[in-house]
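My structure is below; once you've seen it, I'll send some questions.
As written, the chains take the letters A, B, C and D, and residue 1 is the first residue of each chain.
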Amino acid sequence: MKRRIGILTSGGDCPGLNATIRGVARAAYEMFDAEIVGIMDGYRGLIEGEWQEMKRSQFSGILTLGGTILGTSRQPFRNMRVIGEDNVDKVAAMKKHYNEMKLDCLVCLGGNGTHKTANLLSEEGLNVIGLPKTIDNDIYGTDFTFGFHTAVDIATEVIDRIHTTAASHGRTMVIEIMGNKAGWLTLYAGLAGGADVVLLPEIPYDIKEVAKSVEQRAKNKKAFTIIAAAEGAMSKKEAKMKKKEREAFRAESGFNGIANRIAKELTDLVGVEARAVVPGHIQRGGSPSAYDRVLATQFGVHAAQLIAQEEYGVTVALVGNTITHNKLSEIAGVPKLVPADHQMVQVARDMGISFGD
Amino acid sequence: MKRRIGILTSGGDCPGLNATIRGVARAAYEMFDAEIVGIMDGYRGLIEGEWQEMKRSQFSGILTLGGTILGTSRQPFRNMRVIGEDNVDKVAAMKKHYNEMKLDCLVCLGGNGTHKTANLLSEEGLNVIGLPKTIDNDIYGTDFTFGFHTAVDIATEVIDRIHTTAASHGRTMVIEIMGNKAGWLTLYAGLAGGADVVLLPEIPYDIKEVAKSVEQRAKNKKAFTIIAAAEGAMSKKEAKMKKKEREAFRAESGFNGIANRIAKELTDLVGVEARAVVPGHIQRGGSPSAYDRVLATQFGVHAAQLIAQEEYGVTVALVGNTITHNKLSEIAGVPKLVPADHQMVQVARDMGISFGD
Amino acid sequence: MKRRIGILTSGGDCPGLNATIRGVARAAYEMFDAEIVGIMDGYRGLIEGEWQEMKRSQFSGILTLGGTILGTSRQPFRNMRVIGEDNVDKVAAMKKHYNEMKLDCLVCLGGNGTHKTANLLSEEGLNVIGLPKTIDNDIYGTDFTFGFHTAVDIATEVIDRIHTTAASHGRTMVIEIMGNKAGWLTLYAGLAGGADVVLLPEIPYDIKEVAKSVEQRAKNKKAFTIIAAAEGAMSKKEAKMKKKEREAFRAESGFNGIANRIAKELTDLVGVEARAVVPGHIQRGGSPSAYDRVLATQFGVHAAQLIAQEEYGVTVALVGNTITHNKLSEIAGVPKLVPADHQMVQVARDMGISFGD
Amino acid sequence: MKRRIGILTSGGDCPGLNATIRGVARAAYEMFDAEIVGIMDGYRGLIEGEWQEMKRSQFSGILTLGGTILGTSRQPFRNMRVIGEDNVDKVAAMKKHYNEMKLDCLVCLGGNGTHKTANLLSEEGLNVIGLPKTIDNDIYGTDFTFGFHTAVDIATEVIDRIHTTAASHGRTMVIEIMGNKAGWLTLYAGLAGGADVVLLPEIPYDIKEVAKSVEQRAKNKKAFTIIAAAEGAMSKKEAKMKKKEREAFRAESGFNGIANRIAKELTDLVGVEARAVVPGHIQRGGSPSAYDRVLATQFGVHAAQLIAQEEYGVTVALVGNTITHNKLSEIAGVPKLVPADHQMVQVARDMGISFGD
């Protein structure tokens, strides 16, 4: 059996991309007569026809390597709902290059945006397999995406370091953790880092409730408070607004990130010394953790197994402890958010962590 | 509602013990009127009547702390199958002190041995809750124990470091990873560390097969080979022996650990420069990883939730992504081994990793 | 011989404070009949008379602990040059409490501000010993302060993580590293992290020169650039301004940190995708590195040795590889900046790193 | 100016080899018209004539990479004192290949053995520059070698992890740290890890003195003891023996490493539960620390500066905080050991650390 496989990585940098690529390649070379084509910078390379024939040796030594040897770029379609003329052209270009490369299938590593495009291409008749990558863990149908647990490690280390400063100075520290729509990273890192307050996009907060937690701790002679706030956290008032309305409301008030806002409001409300920390991009870079290397490797090998069986139009997934796959059509465009009654949320509440609600 | 809770930690050191204790305590203080008694050095303190009343502040700042603030010791019963006179005395002493402390329940953190004793005490009428701790991940009924993923991180870092030495010198390195009966730690760390050969207690090896892998790599100009061997790995010949017979066989041959043996045999068989590395106890010490802090915290809080509901005779467990619990009577004494046809084993084989079989 | 020693930690959090405290205490208890008084929150505790008798056991287990077990606070004097009425009162209060505590000497851990106050108290007749703490490494007379190398480790890890994102996306990343006046941290982390451009407060930059480096790399098909910018970096134009003038100039232009400004200017000038990363407080928190534990321990023990010899009015220092001490009067208020012709600067230039000048 | 440079890395793996190579190369390409030849596997490649022309791109992305991209091997001469016929042939082969490669100079990265050979080649008229690499820090004339501080970090982390196990179980743990002749690594890691007893090759121990420390701690209710023992540590009795005599004495007694012996002896003498930990090769592998990346880079660039000035027959060194160089003839074959009255030894003694003497 011979298979010619195109691989691309799309969307933001994420630990485990190379480990996954390596998993696909090693298993493909092992299981069948594989030829692998590396498509450069995600869908950009597919649209513009930039690719290279890969050699087996190029997949060696990359298990621990951060970033992606194939390069990446943002999603090609600004508005997936309206596939306008421009999009039609892009899709046509992708199909044309897919055929020019004489691919048997295309493997796409990426997040929700990547999967929407992957599904589109699948609907257009290409043989597509998705691999769920994102530090946000917000892809429907998989318990975890690769990259997520590494990001939890990094964000937790950030909270650990801030902890000693908060305790030494008796300060309130507000740490802004990545996650615009989904609060998974903040929830996990908040629990792992021993945060006192956790603010998620899915559970709008009331700053007065947050202030209460800060005051309560001050009374108990724990003069410091650690607040883990997802960058997409919002107040109850804001949660009622539409997105554009909220953006306008924020722009007007000189909004400079959720952590800065909360620190300022707490300083005003409670009179404590409150500081914001915004670690930003460091949460998505660098070498994958052991957990993510195992997951990424399993995901990659599963993709090769699917190729061996000519099972396309799916994306790889972790369900419980089993690696499996879902139909692209069923998961594309469906974000996985933190349910307000999630067991971990209840666990956190039961030990006295406030969600500011 | 008022509850008086005894806590003990038993068996080998393991990352996450303090995080779990903190989880129990914080949730207990939050959910009901809790009094907590710390029993020193595991069952030893229960047998000899050594304990202390704990203050709330003692559970602060221990989330990231390695080891156990309560101390630990080996299991009290050498032979659980025959509860002789000595054991009867020990059980009586434990019941006596349980009553003296006026406990509503006893929370036992530990591995398989600890759970056997916990089950015994439960059968004797005490209110017991277990919490599954072990870097071996070999407790039946839970997908993961706390401590396991931290140990995977450490063992993987060991393999990473050995990797550069192996590659620079063109050597074969055999890394001995903890796990006498269960190969989980070796399987995970082997995959995460990019091992070429993985040897597990559950899959007996043939040294000639291992040698073949080393030779194969030398042919492909990859002059180095990384072998991850569980300390309990054994040859096919040994696997057919009874335990005592095997021990005698090994003693006779000057057995000095599995890694040393394999390194020597490969040097003799293949003529390569092969070295053993035995990181030992470092795999079980130190601060828990973010993953284990989250798991340990959830486990601890779940124990407090069980206490609130007066549900005893159980041990906490992770099934899929849900924290739940199993009956002590159903899991005590049942080790969870790596099935030879486990999905991860197949994944590893599909990417060309050899199990030496 | 009996000595009663007061210890305080002052100024910003810094890795190694507890390790140093432990060094002083362990050596003092070992070398003579020591009593140790812990003064709370730096000079605040000395002014307000808040202290506690320390027990030997309180100095156990703190070698690796981040933060300070004694708490800390900002410097008590806003303007050291004019010791106004308020300051006179504060000095009097400090002397009064020093006497009330019946101290033989006072050990002050801190940076430049702390040392100014320590010198002031020494001039007022108190027996004072300083210990040079700061992640900025800007204390005159010592080659290194404790805390500096840990901060280098953290800042380097930040650059490492950003590196993979920059490379994967072909982006220019500007990382803002702590250091308002002194560029040591940026210089070391920049070299360790493989930065292409390093911007220091001591070497004003021309944004056009920075842009040239970015363009040059783009030509060489290295489409990404890493810029390490000290938070106190400034343009040549700004360097000619007085401080207040510069602040006004920046306020007018909507200045939001040096990294954000440079990223924006490069986007405008070169047309690249440039992003700012501001890791902030994480650079000063957490557990000290091995290097800093060794240095902090040596520093602390040396302070005890000085106390044994009743040698006061000095601060401990590292010169070459020897632990020694300098007169407080000679080092207080003298910042140690990066000389523009420092060997490391020349080394960096010789390997093609630009300082933007 | 044009220069054709040969580079080789010789002796055991050590963090920072690639960072140093990169430093030489980047500065050479920047400062003059450089051609670089990579000689494979240390002196083996020079003797056997195996080398490759290097491209500039091969030195990219290797700053953080463990191991050596050039490969390494053991020293070529078993007995340097007697340069027999075989050695003469090897030297002739090296000179021949040096000339065949048309080198202007040869850069040799390595430890004491490497420097002896480098000096030999220099005496034979080749233009040689040494770069001091070793985790042992035992090269005369330089305050630190690159690789040393990374090894200190790793060994310290090992001690940290063992610490929690020792404390939880109330055990005595003996950690064997690399260093056959020089105790620097053990001294630094011992101090950084909070060891109670430090045993160095340079300060022979009396097991009864070690036992006293263990007993003393047990009395003070610190039931655990951490012993950091250099692999080359020896008893006072052994120190009086000649090397061969000592080896025979050890072989007879079933010697299985210093840590195992001490653990056994303490178990017998004091009756405590004592365990040995032998981390081994992990101390020399993996990515270099920030400190070592800075040092290695400075070393490498200095070598290029020397080449620019045609200054040969020297090895690069760190003296105080200055990068400089020494004549090969003055440092070759002179090991740098820990003086028994070294300041750090006194510091350690003053805080109650025992050297077992």
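FYI, contacts are C-beta pairs under 8 Å (C-beta built on N, C-alpha and C of every residue); 3 or more make two chains touch, one makes a residue touch a chain.
Computed from a predicted structure; not experimentally measured.
S.K.: On the document's contact criterion, could you list the chains that touch subunit A and likewise touch subunit C?
M.R.: Chains touching both subunit A and subunit C: none.
S.K.: Based on CA centres, what chain would you say lies at the far end from subunit C?
M.R.: Comparing chain centres, B lies farthest from subunit C.
S.K.: Centroid of subunit A to centroid of subunit B, CA atoms only: how many Å?
M.R.: 31
S.K.: When the C-alpha atoms of subunit B and subunit C are each averaged to a single point, how far apart are the two points in Å?
M.R.: 42
S.K.: Could you state the distance in Å from the CA-based centre of subunit B to that of subunit D?
M.R.: 35
S.K.: Mind pulling the subunit C residues that touch 2 or more other chains?
M.R.: 157, 160
S.K.: Just spell out which pairs of chains touch, all of them.
M.R.: Here the touching chain pairs work out to A-B, A-C, B-D, C-D.
S.K.: In the complex of these two chains, what residues of subunit B are touching subunit A?
M.R.: Counting only subunit B, the residues touching subunit A are 23, 26-27, 29-31, 60, 63-64, 143, 149, 152-153, 155-157, 160, 188-189, 191-194, 222, 289-291, 293-294, 297-298, 301-302, 304-305, 319-323, 343-344, 347, 350-352.
S.K.: What residues on subunit D touch subunit B, complex-wise?
M.R.: Listed in rising order, the residues are 9, 12-13, 17, 41, 65-68, 71-73, 154, 157-158, 160-165, 167-170, 173, 256, 275, 277-282, 284-287.
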